[in-house]
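In what follows, a single structure is set out as structure tokens and then discussed.
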């Protein structure tokens, strides 16, 4: 009885405390003043009935302060990653999975072809207008489907060659229907500052720029400028659902932001977020990392996530005390920088044969002195590793997943020029004419050309070392630079032998799966665009991988993984696919990866998590780390 | 006179169109265009959807049209006063150039005035005190100034200023003053930033002016009329400043044509290194990103200024020298 | 000597170049009486022009007047006094007031002696204004008068002309007009007609003579042309390598030259009306390098009457002959002056 | 005596002129004498001569292969020769200590510590990496070096662990020759076009003049930038080298062409050209035999004064990443590291190449000044 009473009492207490929490919210002093002056409705009316509660990383914060940071150019990409990552879902802070965000809940049908999603009720744009499914439908109907608007359907919205269909159930409920199973749609549609973060546009505002709704508008330039992520932040009048909104933008110099009074998230004590009042973004031109370094050591940055050069870490760390900041080592989350993409559809058949020869690939891999690359290009702080997905990915979280990861990441990376030589000898790649370089098995000269994009000094340095390494085992190696267009054309023509893709990242099925299986005809498809194109078009275009080859099996394995409707099934399929990379590996070659990514954080700038993955913008850091709960400890 | 100026101005037009054309061709020659650069950057950052927009984007910017049509359209609009938009920021080029002009002119004018004033003063002093200790010292300094790349000086100043004051003086304003209306603290803040680029560029610019001034003045001072003036009992100050100096100005005025262009496009690297919000950096970025209309307009503007500078220097020379005026 | 306008005593002007000292003028002495014309003659490089420039201290570095006196009789506050011009600094106000005012100078190359950027009127007016406190207007009026005086027609219009619009003769007239502007006591004329053609030369010389009478000024006439000397000068000084070798009146110079150098000079000019057999006489050899002046009499390497062991030992002293005629030659006296630099032994 | 002319005193000048006439010496010898007297110009000339020699024999002077990456010695401060060891003993032959590197765990900064027991005495004419001189002689003898595994990094190493001292000399090969080659191209273009334009005259002259005017109304640096951006990234390094040289030369020939043209105009009426024409000399012969030699001294002066501009131009372009690219080495490329704040603050020795750039520019200016003075009669 006593027990029961106690339980009831506790229950009542708990209930009443939630009720109280729901009814009274705190807000920033500046907003309270505006409320008092009648310029803003009270905080309870601005927040949704059930605001999203954000658990602070360290502690409940306090209001105030201006966050100073630097962005690399007028596209304000870094800034958008801070203020504009508000999609349907959001990555967990450690990127282990997704959590609800704009969507409060959703239901899939059994074969993963239909999903009904429920928008969080009461979210308001920063001008006070409510966010409804109509805002999303505006994007779909009036932008994507409108022929006059130069916008193609986003990835994931076309399945089996057919566009998804949308059905509005009510203001907050929407039903997606796909032609084939699309179980990862919501996750895939919630990556980074694009996808649903970009698609959720304020209809009431956007209409004035749409020719269909405003006869004075003749073209879609203005509309697109407000839609595109690279220009969106240039418009202070454009409403947002992010924690901060633009107040001023001076090209090449500065962008300033202030808190969104209608932001729809609170902390565990009912304080409306964000804590920080303003963001001040200086726009750099010229060599950004230099300015970051200089501003950092002078203590003029409160938190800087990107463009902190690894080489500057000693300098920045040595001045940390004087500058009153600390350096948190986040992870770039790259699997290779650079990544050596071997191409398997080559105009040069002899070379294609060699590429398909596992010993040749193994020789190339073990001939690379990865430690030296690490020392010279990354202060020894990166990890020498084979091409493999990141350890944080969901499929690696099981014991067998971890074991597989270890095996994969460490396969064929031991620097062993002698082994490389004997491997090459074993397949008949030997120096027959005595010029110091090996010939192909048929006796014709062998010269590998490694191509990359210009202006990435780290890649250039790496390739120069790589060239020395490969020449040392007798493989004549040339380096080549190509622009994007040249690369695309050459790749399709089978004229790129090995491409050194700069910093590469991928995430199982969610982010760029084509890096581990040739399934898309895109520039970053492993094995070559044509082979990916073949899979993507169901064999209509492109070039098939050789029959029975590991590439073909990778494509099959990918097919199994995407059609899996449960996580267990999917993870198992992924691990099976990765196994091919080990057994037949390396299929595509990694160098060094998982570079630490220094984050400069002012000492009193709190609630910054210890981990983050910044290389792929798909992961949306620091937006994923919930910058709205960052705060200045005023002491 | 007016007719002469008008005629000269009219002659500018074909030259400028030619300059703009060459400028366009140069930017057209490298493989790819703005869109492909943009798409690459987006792809490398992981924005895969953007890659699918390539054709649409090109269409939006009119880059899908043949080169000559694009150039013709741009030229016609240019004559109408419409410089087009910057592909990178989608803002009107005129707005971008307008927003940069203030800072550019402020820095350049300071550089110009100081380097010429100091250079001329030191040059005159050096020439009138030839072989003195000061002359030798100044000569040495000027040679070093000529040899030092200004961006190195700027960088050294920047780091020095940080080590001494703990402040980083990149740009021309502290962020809290950017875009704010004029005030005394804003001016002080501006001056605090201004000295680094100005000093760095003045050191090298001044050296040149000084060398030219010294050489010419020495040359003039050796001429007969100077002795004749002295023999007339004309005070030395008058001999130097009214007579020899004015005669020695020739080559400096001749250099004005390039100077005017220098005002908008000198010290590019210093601007880059110091992150100055000047048109130099805009031009460099625009060239590298193949931001066609922006770069084309700036190049045309610079070409115009060179032509204008030539005209001004011709007029000045004619005003200064009766031999030119009467021939 | 009484009542001399200008007395030059042991003037030494040296040029200190990186390759050595050039003793351009090395112990020159002579006098000029008021209203008289003294001609200075010699080959180019003998130091005659440097002497002229030294009087007004118009020597530029690396040249420097290292010794001697230039005594000038000037009227100050109605009293006559003799001043040593070398006591005044080259940039001093005193010397400036004398320049162009009490002692004026005209130059060899009229083409370049005017500032090309200013009108004739400006430059004339400037000459007046630096010495007289008058308005620009009256200075211009005075300039017109002066131009009339030098017989330039249409003086008014000329005032607005630029130097490049005038011929050489006209410019030299302008220079003369400018020199006259201060009504100088002494006019130093440094080869004023050398650059002009023969007709113009005659006109200018005539003009100078008549103006000399009109203004009653003395003249130091520097030239290498003995014909001009004959026409213009009363007294003559012959210079060779920075030294005066002979000093006499013009009559004696032509009738009875004493120094072998003077004789050689006279023989080298064609004489109008005289018939010549064979080529013109030239002086043998070349003028020695000024860095390397021969020991003894500097002329001895070229001298037809060179006496070995005498002439190449020491510099001969200045020997007075009859009247005001002096000569430096061992043919006339065995007295030596000192070592080869003329320093007392 | 020649100095007098410079001082400009009219009298002095006259004395000098008469002197010149009096002395029977060739104009060339006179210029040489006059040049010799300008001490700074002579010093500049000698310095440059040494630099060019050093560039030619870069492989011999450099103890290390300039592209060799010593990954254990990344960003190591100059590691000098010692005469006195840690125990205070004097060694007649200097030596270097062995060095071991470690990483400071707190700042990740590489630290280097000498190993007192390991001494590597300096040796002369040692065998090391292979190199060629002027692409002809292949050898592996270096002027000096130390025995492996000792390392001799006189100027320290760069951020990739390469020997800066060796790189300076190999960089000199490119940077110094870019100036020379660029000016040579300028000269060939400029003087041929200028002389032809002045000599032929007429419509040809008109067209050339308009072209030059247009060229000169282009601002220099922007056009350099634009043109340099045109050079394809994937060209082999030797082609990039020539392309950059041409870019540097392309804007400067106009001015030279103008100057030579006006001189030819003056000379065209000169007696000896008229004489040549009457004696039925071909135009080409007149140009090459008569006009060219007479404008030569002037052209040489212009060339000398143009070289520093080219060297600075190369530096600027490379600094912006638009010029010489790795694996070629140039001073500009070496200076790209100078834009890093960390280099200025923590690794100032990486800036050593800047000293060579500055000294070379100054030397060229001295030399150009001296030559201009020496060739005075033609400079007006």
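Letters A, B, C and D mark the chains as written, and numbering starts fresh at 1 in each.
Assume a contact is a pair of C-beta atoms (placed from the backbone, for glycine too) under 8 Å apart; a residue touches a chain by one contact, two chains touch by 3 or more.
Predicted model, so just to flag it, every value in this text is computed and none were measured.
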Higher-contact pair (C-beta pairs counted), B-C versus B-D: B-D
Per Cα centroids, the chain farthest from chain C: A
Middle chain, criterion being Cα centroid separation: B
Centre-to-centre distance between chain D and chain C (centres being mean Cα positions), rounded to whole Å: 52
Euclidean distance of C-alpha centroids - chain A vs chain C, Å: 93
Chain B and chain D, separation of their C-alpha mean positions in angstrom: 26
Residue list for chain C, restricted to those that touch at least two other chains: 53, 60-62, 107
Residues within chain A bordering two or more other chains: 287, 294, 297, 483, 486
Residues of chain B touching at least two other chains: 30-31, 130, 221-224, 227, 272-273
Chain C residues within the chain B interface of the complex: 53, 56, 58, 60-62, 91, 96-101, 104-105, 107, 109, 112-119, 126-127, 130-131, 162, 164-165, 175, 178, 182
Touching residues on chain B, where the partner in the complex is chain D: 15, 18-19, 22-23, 26-27, 29-31, 130, 143-144, 146-149, 151-152, 155-156, 159, 218-219, 221-224, 227, 257-258, 261-262, 265-266, 268-269, 272-273, 283-284, 287-288, 295, 298-299, 302-303, 306-307, 310
Residue ranges of chain D in contact with chain A within the complex: 67, 69, 71-72, 74, 103-104, 106-110, 159-161, 232-234, 321, 326-327, 339-342, 345-346
Residues of chain A defined as touching chain D within the complex: 287, 290, 293-294, 297, 311-315, 317-318, 371-372, 375-377, 379-381, 451, 454-455, 460-461, 464-465, 468, 480-483, 486
Chain C-touching residues of chain B, taken from the complex the two chains share: 130-131, 221-225, 227-236, 238, 243, 246-247, 320-323, 326
